[in-house]
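Next come two complexes built around chain A: one with chain B, the other with chain C.
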Partner chain A sequence: MNALDMIIFNLIGAFTAMVPLVLTSVGAVVSERAGVVNIGYEGILLMSAFFGAVFAEISGSPWIGLLGGAFVGMLLGMLHGAITVYLKGDHIIPGIGINLLALGVVAFGIPAVWGTAGQHQVPSTVRISPIINTSYGGISPMILITIIITFLTHWVLFRTPLGLRIRSCGENPEAADSLGISVEKYRFLATVYGATLAGLGGAYLSLDWLGTITKELSSGRGFIALANMVFSGWNPIRALIGGFLFGFFDNLSIWVSTNPGVQKIIPWQFVATLPYLVTIIIVAGIIGRARPPKWDGKPYKRE
Partner chain B sequence: MKIDTLVKPLMESIVAITIGVLIGAIVLTFSGFSPIEAYKALLDGALGSTYGIAMTLSSATPIILTALTFAISARTGIFNIGAEGTVYFGAIAAIILTNVVGNPLVGLLGGILLGALWSLPAAFLKVYRGVHEVISTIMFNWIAFYTVLYFVLGPLANPNDPNKTIEIPTSARLPLLMKGSELSWAFIIAILAAVISYYILWHTVLGYELRASGYNERAARYAGINPKRAIIWSFILGGLMSGLAGATEVMGRPPSYAISQGMANIHGYGFDGIGVSLVGRNHPIGIIFSGIFFGILKAGATAMQIEAGVPLEMVKVVQGIIVVAVAVPGLWDLIKKVVRR
Partner chain C sequence: MKKSMFALFLIGVLAFSVVASGCIGGEKETETKTEYAGKIAIVYDVGGRGDLSFNDMAYLGASKAAKDFNLELKEVQSKQESDYLPNLRSLAKSGEYTIIIAVGFMMTDAIKQVADEFPDQKFAIIDGYVPDKPNVMSILFKENEGSALIGALAGLIAANDGKDTVGVVLGIEIPVLYKFEGGYRFGVAWAEDYYKQKEGKDVDIQILYTYTGSFTDPAKGKTAAQAQLGQGAWVIYQVAGAVGLGVFDAISEYLQSQGKEFGPPFAVGVDSAQDWIKPGVIIASMMKRVDVGVYKAVEAAVKGTFKGGIVELGLADGGVGVSTIEDIKEMLESLPEDVRAKKLEEIGVASEEELLKKIEETRKQVPDWVWDAVKELEEKIKSGEVKVPKAFNKDEIEAIRKAKDWKEMMKLAEEWESE
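Entry: the complex of A and B
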């Protein structure tokens, strides 16, 4: 493989790896713009990957599997929204709960559904097939869908009255409330939207990119997506660019760690830490300038 | 008044546990198992014999310690979920040091120190760069996992047993409390750690500073407390506890006295500890009881798998539901309202 091949190969890989990160980050941007913090995306990715595969295998269609994954994300978003928005609970703890629940549900579900311990290979008949096949690997239609979703979300968030209402709930809910905007409704819907996108990203992990389901499948991507959201300054299009960057390192570490030439020089375990190290370095580097929405993570109670 | 402040959190935790057990029963039914049979096997396995009780207490040991990590940080107003990675380093430190000096104290101290050291980067990133601790500690967990995995498969691999690392030498193992069981002095150490944490948090100046800056950062600063210092200390104290969890787990848990190849025997305690801490209301004494409750689940899970054929991961489903239920504010008030109607 010559240098040019290697570059093209890794660029396509970055586009492939960016999908779950960008979908989750864009969802998180909307949720936090409305003022709801959710750290449960890791668990949503994992549970949607699992249920996405279950739905796909029952229906025989990968697209129904994707929708099923998004549906599970939506349900979990409704749970988080109910606790944080309507019951005015803490924003962090339900997310921790969803992450722990996912570890249990998926670890229990794999042997309960497929009778195998720890890992299940998704059959190729229910995997999303690429729209273009290149000599460097296929290009998934989900890449295109992710880009469209990002631009649409960006447009709605910054160019429509709906977006203005969502942002006002995270920036100044008292003012929004006094103008007759139902802060609770918009916060709840934004939370559900964010979790639904993460659900789509989770189903993509098992039904498209990785084609397998394990209890470590999400491997921190939900949190990397949150880091990317901070990196983007709560801006969907910048989250797309950031997602490509984080995706590049995610893919690179998978590629390098399976490359026998590299394995001789540096143990694969150290290469595998790369996406996490890069995340910490990037977030530490930019965070001083990051400005979250003013009421981000704060329950709003009407006086 | 005093009674009421104790009863309400206690009832909230009991309600959350009940919800977890009930939804767990529904999941069991839908998965084609008998919930009654499953829970009976679980309780029998965990409490039906002296051996079972010893298993319960030894299972409670590491998660009591990791719960203290979360509780100390939560009392300081932050969410340190990095106990998972810290446990790995505590275990590695104990194995390396006891193989140099065959003394249990050296192993425990090594685990504690490396645990505290490993917690510092996240503390500094939080204080000086404003990096949210949830993101940084999760990233450090993964970095810890792969780094320790390198040592487990590489330099520390056991030449006589491909399934694990080199062992803790006999002279540095913690004495057993009951012959033929897995219960060792590690359990006593965990209880002591909880009592010491309680003492530090409620009876020392440092503890007052931690709780004050957790309760109201601005007011604490006004009172002359430095919240940055408090946050760094909460990470250090938390790191000590989960480093100790890793060390005691390899030094006091027969039969392996080593880290297994896939790190399965030191994996997951950090996350279990979060649930233990939340159900124990982030209070060290509460954590002892909730740790023993989760110890019952863990110890009984194996019996449930053998007797009722239920995958042992089922208890993690119950645990997850319990934590989600704990997150519902005013759960007990909510129930009282419904009952009155």
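Entry: the complex of A and C
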């Protein structure tokens, strides 16, 4: 085994796998910083992967497909925002609803749209083409976009008045309200922003990374992204690092467990737990105890 | 005011989704008015028609049997897992059907229950294990034999190109998959020996294997295939359901990066003739001939040779095998016209002929003597001269992994058989 090969493979793999996780985590950070919990990202990823492919094939352009996926994410975010922010509903239940809805919509949607059940291959003409094609896999432009979005979000959240207002809605909505900030508006917009990013990540799954749509394409990435958000202490740049680390060790574990020499010594099941363990240890180790925004997940109603 | 608007909106969404799901998932029943000698029924699992795999192949077999024996075929779609029991029960209750066939192991429990309720009704289940009911025929497949052919194909392609590594990407580590892995190993070992006798050169082909722990996440398959390619794998066999789609994509991307339209490296498909999914990338598929299984069950019921218990179909019965161009053609032709046209468009070919031509060309990348060698092994397994071990637990697969050559593996097969 060539060590250089291994490093290049794992770096490219990590950047590739990180995109949906980081986009979702960063979106979730903004949403929760404003005080809205959304556990529906798993469903948003799945549905926008599906609709992203639909939009791309209708329009013939992968970029319109990506925007279409983000648009579906936005709609679902608006649904969640409407229920939690304006109707003061519970934050968990609509998320469960979205996850269940996605399972149904996609399972029925694949045969309804493409005539085949269970899976559909996205034609290569409407897939995002990589910047460079290497024998270790392509390097997608979405990697760059993800990094830019992360830094931009971080900057807005911590360096601008807009960010301060968003955070105040999650930390102390009463104080924010008394200063004339429309808590409902900021919370709603933050929720929609979070879901839109997840939608972008979902469309990336089908239109870029995997080139296929299946009934369970998201495979728990929405939940991993939520965990990553918590371990990163509700901080976009740390979420980026966390997502990268997870991707890196996820790849490394597959590489290592495929190696015949290693297989004889360590069972693959153990190696497969490494990405989770290492990510938790590193990310949580850096930041120590994670403290959520004070009003996270609590509906705010003016007295 | 605002609230009531939202409530109305939500009710609207709800009503729409109920209507929509009713439209999409309606129970499909085919009936035509002609004089039939009898009736048979087939119950699909949640995958349903159009999966280009299990259910479509079951339909192929059932419709062929219906035509050959002049029977009326009733198809029943299952929308969700909770439909299995009522579907089977209502068919059995009518008492009109010579045999009721359930497609897929997920229906095992439902079949057991209904078989007890209606002891006079004949049932067959594909891929389900029901050994002890007199009115249920369980049709299983010897995947180890089919996988041995794939192993031989992979091993010889690698040896022919001067490579020393092949791979297999598997799903969750469950005993059924040991059958595939063991058979594959046997085939590769056989190929080593064959190549040595043909070319007089020693080859030592190592097998990379990855249990991905999933049947649903294509990303896992893609990463595993990339890792195997990076470590030199020349042919990768996928035994992992939807995870395998990632394997195809990884190899396709690898070929693109080298500016090649055709492999090697190649992927190998599983269950149905998957060659059409990515022509140029997939050299062949290990087919589980569900159609043959269904046909045999109907035949047995019609001719009165039906017996409850396990029927295991291997190479000799045509139950497993390496996909041929004919298989792909048959599969394509079983699709409704509009679906077929759409599939061809997605693959990026103008017509069925063009697709088949491309698949043929893919196969021509491998010299004829390799295909002949695979045929030779097939004949030997059919005649019983060569026996492929069937690993069913951890100890057995470990024994195969440790075995030095195929003769040693065959000894294991004979040992296990006599037990």
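In this text, the second predicted complex is superposed on the first by the 261 of 303 C-alpha atoms of A that agree within 3 Å, B and C clash if a C-alpha of one lies under 4 Å from a C-alpha of the other, contacts with A are read in each partner's own complex, and residues count from 1 in each chain.
As a convention for this text, a contact is a pair of C-beta atoms (placed from the backbone, for glycine too) under 8 Å apart; a residue touches a chain by one contact, two chains touch by 3 or more.
It should be emphasised that the depicted structure is a prediction, and the values quoted were computed from it without experimental measurement.
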- [ ] Once the structures are superposed on A, label A:L226 by its partner contacts, choosing first (chain B), second (chain C), both or neither.
- [x] first
TODO: State whether A:L210 touches chain B only (first), chain C only (second), both chains, or neither.
DONE: second
TODO: Would you sort A:W63 into first (chain B), second (chain C), both or neither based on which partner it touches?
DONE: neither
Task: First (chain B), second (chain C), both or neither touched by A:A112 - done: both
TODO: With the two complexes superposed on chain A, say which partner A:I92 touches: chain B (first), chain C (second), both, or neither.
DONE: first
- [ ] Have a look at where A:G137 lands relative to chain B and chain C in the superposition and call it first, second, both or neither.
- [x] second
TODO: Answer with first, second, both or neither: which of chain B and chain C does A:F244 touch in the superposed model?
DONE: neither
Open item on the list: According to the stated criteria, A:F151 is in contact with first (chain B), second (chain C), both, or neither; which is it?
Closed with: neither
- [ ] Could you look at A:N259 and tell me whether it touches chain B, chain C, both or neither (first, second, both, neither)?
- [x] second
Task: chain B and chain C contact sites that coincide on chain A, given as residue numbers - done: 83, 87, 101, 104, 108, 111-112, 219, 269, 272
- [ ] Mind listing the chain B positions that touch chain A in their complex?
- [x] 27, 31, 79, 81, 125, 129-132, 134-136, 138-143, 146-147, 149-150, 153-154, 268, 271, 274-275, 278, 311, 313-321, 323-330
Open item on the list: Looking at the complex, which residues from chain A come into contact with chain B?
Closed with: 39, 42, 79, 83, 87-90, 92-94, 96-105, 107-108, 111-112, 219-220, 223-224, 226-227, 230, 267, 269-270, 272-273, 276-277, 279-280, 283-284, 287-288, 290
Open item on the list: Quick check: in the complex, which residue numbers of chain A touch chain C?
Closed with: 1, 5-6, 9, 13, 17, 82-83, 86-87, 101, 104, 108, 111-112, 114-121, 123-125, 133-138, 205, 209-212, 214-217, 219, 250-251, 254-255, 257-260, 263, 268-269, 272
TODO: Spell out the part of chain C that touches chain A in their complex, as residue ranges.
DONE: 2-3, 6, 17, 21, 24-25, 47-53, 55, 167, 173, 206-214, 216-220, 222-224, 226-231, 242, 245-246, 249-250, 253-254, 256-258, 277-278, 335-336, 338-339, 342-343, 345-348
